[in-house]
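Chain naming follows the written order as A, B, C, D, E, F, G and H, and within any one chain the residues start at number 1.
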Amino acid sequence: MNGIPISHILFLSTALFFIGTYGMFTRRNLITMLMAIELILNSVNINFIVFNKYLWPGKLDGVFFTIFIITIAAAEAAVAIAIIINLYRSHRSIDVEDATELKW
Amino acid sequence: MTRDELKIKISELLPSAVFEEGGEWLNVQIDPAVWLPFAEQLRSSPDLSFDYLFCVTGVDWKTHLSMVYHLSSTNYRHTLVVKAKLDLNQPEIESVSHIWRTAEFNEREAYEMFGIKFLHHPDLRLLILPEGWEGKNPMRKDFEDPVNMIKL
Amino acid sequence: MGAGSLIALIIAAIAFSGIAILVAKLVTKATTNKQKGEPYECGVTTQGPSWIQFNVGYYLFALLFLIFDVELIFLFPWAVVVKKIGWIALIEVGIFFLILFTGFLYAHKKGALKWK
Amino acid sequence: MEVKPGQPHTDPFPGTVHQTPGGGILLGKMDQVINWARSNSLWPLVFGTSCCAIEMMSAASAKYDWSRFGFEVARATPRQADVIIIAGTITNKMAPVLKRLYDQMADPKYVVAMGACATSGGPFFYNTYSVVKGADHVIPVDVYIAGCPPRPEALIHSLITLQEKIKSGMTREQIRMAKPENPMEKIKSGK
Amino acid sequence: MWSLQNITDNIHDWLYATFNPTVAMLIEYAIIGALAIGLFAMLGLVLIYMERKVSAWMQLRLGPNRVGPKGIFQTTADTLKLIVKEGMTPTGVDKLLFNLAPFIVMIVAMVVLAPLMFAKGFQIWDLNIGVFFITATSSLSVIGILMAGWASNNKYSLLGAMRSGAQIVSYELSAGLSVLAIIVLTGSLRLSDIINSQENGWWIFKGHIPVWIAFVIYIIAVTAETNRAPFDLAEAESELTAGFHTEYSGMKFALFFLAEYVNIFVVCALGATLFLGGWMPLHFGTNTRFNEVMDYIPSSVWFFGKTFFLIFVIMWFRWTFPRLRIDQLLNLEWKYLLPISMINLLLVTFIAIMNWHF
Amino acid sequence: MSFIKNYLNDVWGAVKSLATGMKLTSQYAIHHKKEKITQLYPDNRDTLLLPERFRGEVVLIHDENNEHACTGCTACEIACPNGSIKIITKFDITPEGKKKKALDTFVYHLDMCTMCNLCIEACPTDAIKMDQTFEHSVTDRNDLIKILNKPGSRIRDGVE
Amino acid sequence: MYRESTIVNESASLPYNGGDEGDMIINVGPQHPSTHGVLHLIITLNGETVKKVDPNLGYIHRSMEKMCESLTYRQFIYVTSRMDYLSAHINNHCCALCVEKGLQLEVPPRAQVIRVLMDELTRLASHHLWWGAFAMDVGALTPFFLAFREREMINDIMEETCGTRLTMNYMVPGGVMADLHPDFQKRVHEFIAHFKKKIDEYDELITDNIIFQNRTKGIGYISKEDAIAFGMTGPSARGSGVQCDIRKLYPYEVYDKLQFDEIIETGGDCFARYMVRMKEMKQSISIIEQLIDNIPEGDFQAKTKAVLKLPKGEFYSRVETARGELGVYIISEGATTPYRIKFRSPGYCNLSALDHMAKGQKIGDLVAIMGALDLVIPDIDR
Amino acid sequence: MTASQIIFYLIAAFILGCGILSMTTRKIFRSAIWLLFSLIGVSALYFWLQVEFIAAVQIVVYVGGIVVLIIFSVFLTQQSGTEMPKAPRKRMIASILAVLFGFAFTFSLIYKNNFKAGDGKFDSDISRIGDQMLSTGEQGFALPFEAVSILLLAAMIGCIVIAMKAPTHQQAASQAEPKENEGNISAKPNAQ
């Protein structure tokens, strides 16, 4: 499609995935970790769309999966942030190190 | 209460009070040491109920300072002027800001203008004068400021 | 015209703002002094840093917004076809709405929509 | 700006085409255009300390309406303002604030001292310990207006004077050297 | 008949006939860019002048009248002044984001123009999800404001930006829902389809009361979304001096100002397209002389006329109402506009399915 | 049900009150020609009528012979609360050969004057009055310090 | 005996520091559109909620009390017009009253009526300006211009008689400086007719507006007892149900012969204060109507000596300005200048209640509260 | 290279660049902004792939919603001006290595895999999406669609329950201004 082989796009999504993973590894702040997760989810989304478009162009399943992933990502982000803020309120910190026992 | 009734009542409350003649209202001269209990009685005594402190003035008489409190009652509409003589070099008087909230700001003003120290004032800081104001208190009669003040 | 026009528009926007700001830089002679760079806060020095932790009382609204926003993206495809499909679509989305409205009422009842 | 009495007039755009006798056209110089723009778009800072501020508001109000000159875009932040109208007394406590506000304005910036207080301390010249005797002790002033308070018309007149000054392109020093004709002198003589 | 469509088509054909396709395409894009910039500049000048005059009319005043005839060069002078004014970057700010923010706001304002249909057949990109694209992209401007507010390192800016964030995202919902009401009726997100569906009457006439309600909610929501009074909390002058752009000066500030007005234009244009038929002339019944006369007016005039009418309404709000408080503002959205527009949407769907609309 | 009724009532009341306000402003906009009250200063400078009591600046009244009525008694200087007037006196020799105090320079600080009218009230000979000018903007503060007696002027005969 | 632990901070006016996490200290003023001048408030915010308001005054402290100690009794009056410049006449009036009290001077009836007329016109003009400014504080811009329309009419009337628009110096000890302008009555009649038409418009535009009501109702509540304790006076206190109109309680000039009501509202919030002022405007109009056709003939000024000397003693006079009770307290040692003069300004006391009112409200409300208090900063700083 | 190719590489570079910046910058607000740009880049990629609907959804949900929410939470929990602490060098090196290795491994898998392009025309028109979303047939997504509403409901209730938990000490400190302090002191002059 458009002269770009599918592997190039997959390269992009893989790279994005691992950037996210890198963030997950190095960051210790819950919010930044959430950001890393968003990046990872995005790389997955790209894959879904690309596979849908290149490999099964007649269907729309990839598109739907993307929509649902985005939905779930939103719900997850909302709940996660609610939790983070609550955690902050009780622990005064949102560092994962400080939040080893997740009970409040 | 009329002026005379007031006079009787107050001399009951505070036998040491000295009354000044003249003036529109009854003037009482008191000793600063008795000011706080006296003020509390003025405020809480049901037939006086001076709940409205409408003017707080510091005066520099060159030999001494004095604080003038104009009190009034919103129930009975009688008015009383209380004056307290303060020492020129170490003016100190109890704060009445917890009795009349308005005194808080007025005392801060008197503090910076005359250097009168109000004991137990919750927040005695400069209010009007610039931060870090040093030197004399401007409303004193011996105040000199050759830089800013051009005398006519 | 296709999506390329978006790029044209983006470039136009950048060029427009960039040139305007550049001209401003070139034309004006600016004086500098120490106070000029300080944040403006009604003419007095600020106390403490401005980038402080800050109590955003309305973050709950942002949380709820996200949920409703997602709802909205489902409604767009639905709206396009609802006339064609007819009653079934209305019923399906009616259920969808009903469930979300329950949540809305719950939020309302819990006082989440009240400012704290 | 020369004011022709009796008839409303407008300020022509200097960059427009001027017909010259030969039939050719002449474009206004760049500087002129810039000064024209600056003079016609003086956005004041909302700055009033006391009584004169009320007359400044009057000048903004419907009867005097300084928006006719484009002055109405009063900005609350000095970054976006062009002219600071010192409407009121400047005290010793306020002086650093004024200085700071002036410093924080973006160039070019102008100052109008409105009223006796801002010009010289006015009623508070003698016997006060807290009033700055004229705002020009703190920041440079372009135009002074006398009066306590000056009428709104006087304020508008001062802004016209400021426009005139900007159009002349001269700095404060140059003006002090060569005093240009007061525009209102022309009006008076034309009367 | 003379029309913009013919002109654009002719240019298009001529370009492709003369040059090779790549060059022709580039030239076309260049023309689009230039036109967009021109539109931007014109909108800035005209709308600001209009705002000043409208406010003057409502306030017993005259408004600018001295720079040029009737003061029409007033905004020109202001613009020139702003260009030659120093655009400063205070020392304490986050330089990168501070300077980037005006660009973001501008880009967003510019990109949103793409799917708008300015006249019959005159459109940059007839996107199949046009309406959705506009609602989506216009919400991006919140990012510019948040960036500007945070980067300024100023408490007022920060407060203004936070308010603006909460406000814009909230009102996006009811704006979206009221837009959906029309989409339900037309069954397409493509702007040209929506306009074509109003050939025999605008939706606001055809769609009964629910469309009216949607229209009112739309206007309120976009007023809030563009940070206009009475919802101008982000720059509430009496509270936060100048809000999120407190630290901006010169051209950088002007870009915010300009983008605000362009955003108003865009949302009003969208409102005019959805509810008032875009460039469609006003028609009564069929085949009357009246309709022919109306047809004679160029379509771009119709479009801009309607848009400017809506802009006038928004300005009218500004010069009439007091400002809301932030919690009231959110209350209004969450307690009133959102439930009403949700129920209203169901009503519209009902009407659409029953085919009760005209 | 009453909840919904109240709710709708709220909405209706709000819309109505807003519409009233909008009606008012639109009426002003429509009747703009009639309602506007803007005066066109400076275009109306000629027709601008200031009330005769308007206090614009202090002037020393000179008649056509360049004569004024000021005796140099400094009553105005004393009356002025902020020292805007400075009277410099000199001693004239009267024809009888007596020394007589007379006005030398009448310095008037317009930049400080507050237009309080006290000097006018104080003047025993009504030599000064308030003028109705107001266009006192200058670019140099010194321009506001004025000498009120015109060059060569002298005291009118008969004024004591 | 009490509060032993309170630390008296001697030296410094240290700004308020610290507080909980999430608190933000923000300066409002001295240069801020909503403080109507150069009030400086150091506000502690938690999110949008105001936790503490610490006023910092003195940015327009012109040391008037000190200055007046070296001005004669004729001269010092003009300074007071600069104090509360929106009720310049009333300030002058109070000073004139105090001097007259000291001199035991009888003011001619005509002068008394003129004074009251001018006072009421001033009150109207002041309330008008306040109305516009208050509307602007809560975000409506048009009322400001409408308010100035009427204010300008009053200013024109004033200017014709008094010679200036704002700082009149028209009241002198013993009466007024000049007689009324011949057109005065006609113009006032015109104004009253105009005003009565327009006041309903104001209600339509602002009072009944739902947004405005939401912005003001229940905002900045202060109870009657607190209002008295804080020494609040004027419309701000009457909004809390305090009876404090000096014109009624201690009538001066001809106020005891006039028919008018003291407006009292019991809401205690910004809206109540607003309503008090709106109704007070109508009362002022009725006072003017009662007087305008009954101005007695006679002198406008009592005969006074050229140099005024007050006998030794203390004199206190008070009047009701547009903002509340203004007191002038003169201590005289028998010289031509006062020994000590104290202005009891209404705004100072009203301002001291600001912290109490604004605590726990939003920052937007703070603006409304300040607006409803009708602060005039030079009146507070003097 | 055609224009479309150039654009793809530009977009890819933009996404990756912003992504890397987002994960490495130490100012948390900037990190959020870079993330935002990266997500916008992804949306641009969707435009490039001509799935406009998803692109717009991406903008609406991610950019307009999630990132704004993240920024809000940053303000709530951080001193946004201060820099975040650097990760310990050891962990950084380890994670870089791990990531590089994982990337190389995955990519080699992808590279080896021979993707077979399917046939048929890709059409992501919104009405098609809508049709399929609402249809209950084989290809229909009606059930997930309804399930989403349940999910959202759950998320909403969850958020409210979590976020509105009884105020902990910080809130208690800010809210519980002792009432008698606020109240009227003058009414009881003998207090304390």
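Following the convention adopted for this analysis, contacts are C-beta pairs under 8 Å (C-beta built on N, C-alpha and C of every residue); 3 or more make two chains touch, one makes a residue touch a chain.
Computed from a predicted model, the values in this text were never measured in an experiment.
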item: Steps needed, at fewest, to go from chain A to chain G via touching chains; value: 2
item: Labels of chains that are neighbours to chain F and to chain G; value: D, E
item: Per Cα centroids, the chain farthest from chain C; value: B
item: Pair joined by the larger number of C-beta contacts - D-G, A-C; value: D-G
item: Interchain centroid distance [CA atoms averaged], chain D/chain H, Å; value: 52
item: Between chain E and chain F, centroid-to-centroid distance (C-alpha), Å; value: 49
item: Centre-to-centre distance between chain D and chain C (centres being mean Cα positions), rounded to whole Å; value: 40
item: Where chain F touches two or more other chains, by residue; value: 18, 21, 24-25, 28, 36-38, 40, 81-83, 114-115
item: Per-residue overlap in chain C, given as positions that touch at least 2 other chains; value: 3-4, 6-7, 27-28, 30, 36, 38, 40-44, 46, 49-56, 58-59, 62-67, 69-70, 72-74, 76, 79-82, 84, 104
item: Multi-chain contact sites of chain G, meaning residues that touch two or more partners; value: 2-3, 21-22, 24, 26, 30-33, 46, 48-49, 58, 61, 63, 66, 70-71, 78-79, 142, 145, 149, 152, 167, 205-206, 209, 211, 225-226, 228-229, 356
item: Interface residues, chain E side, partner chain F - complex; value: 54, 57-62, 316-317, 319-321, 336, 340
item: For the chain C and chain H complex, residues of the former touching the latter; value: 3-4, 6-7, 49-56, 58-60, 62-67, 69-74, 76-82, 84-85, 88-89, 92, 95-96, 99-100, 102-104, 106-107, 110-112
item: Chain D contact footprint on chain C (complex, rising order); value: 27-31, 33, 35-36, 38, 40, 43-44
item: Chain E partner contacts - residues on chain F that touch it in the complex; value: 10-11, 18, 21-22, 24-26, 28-29, 32, 35-38, 40
item: List of chain G residues in touch with chain E within their complex; value: 24, 26, 32-34, 48, 135-142, 145-146, 149, 205-206, 209, 211-212, 214-215, 362-367
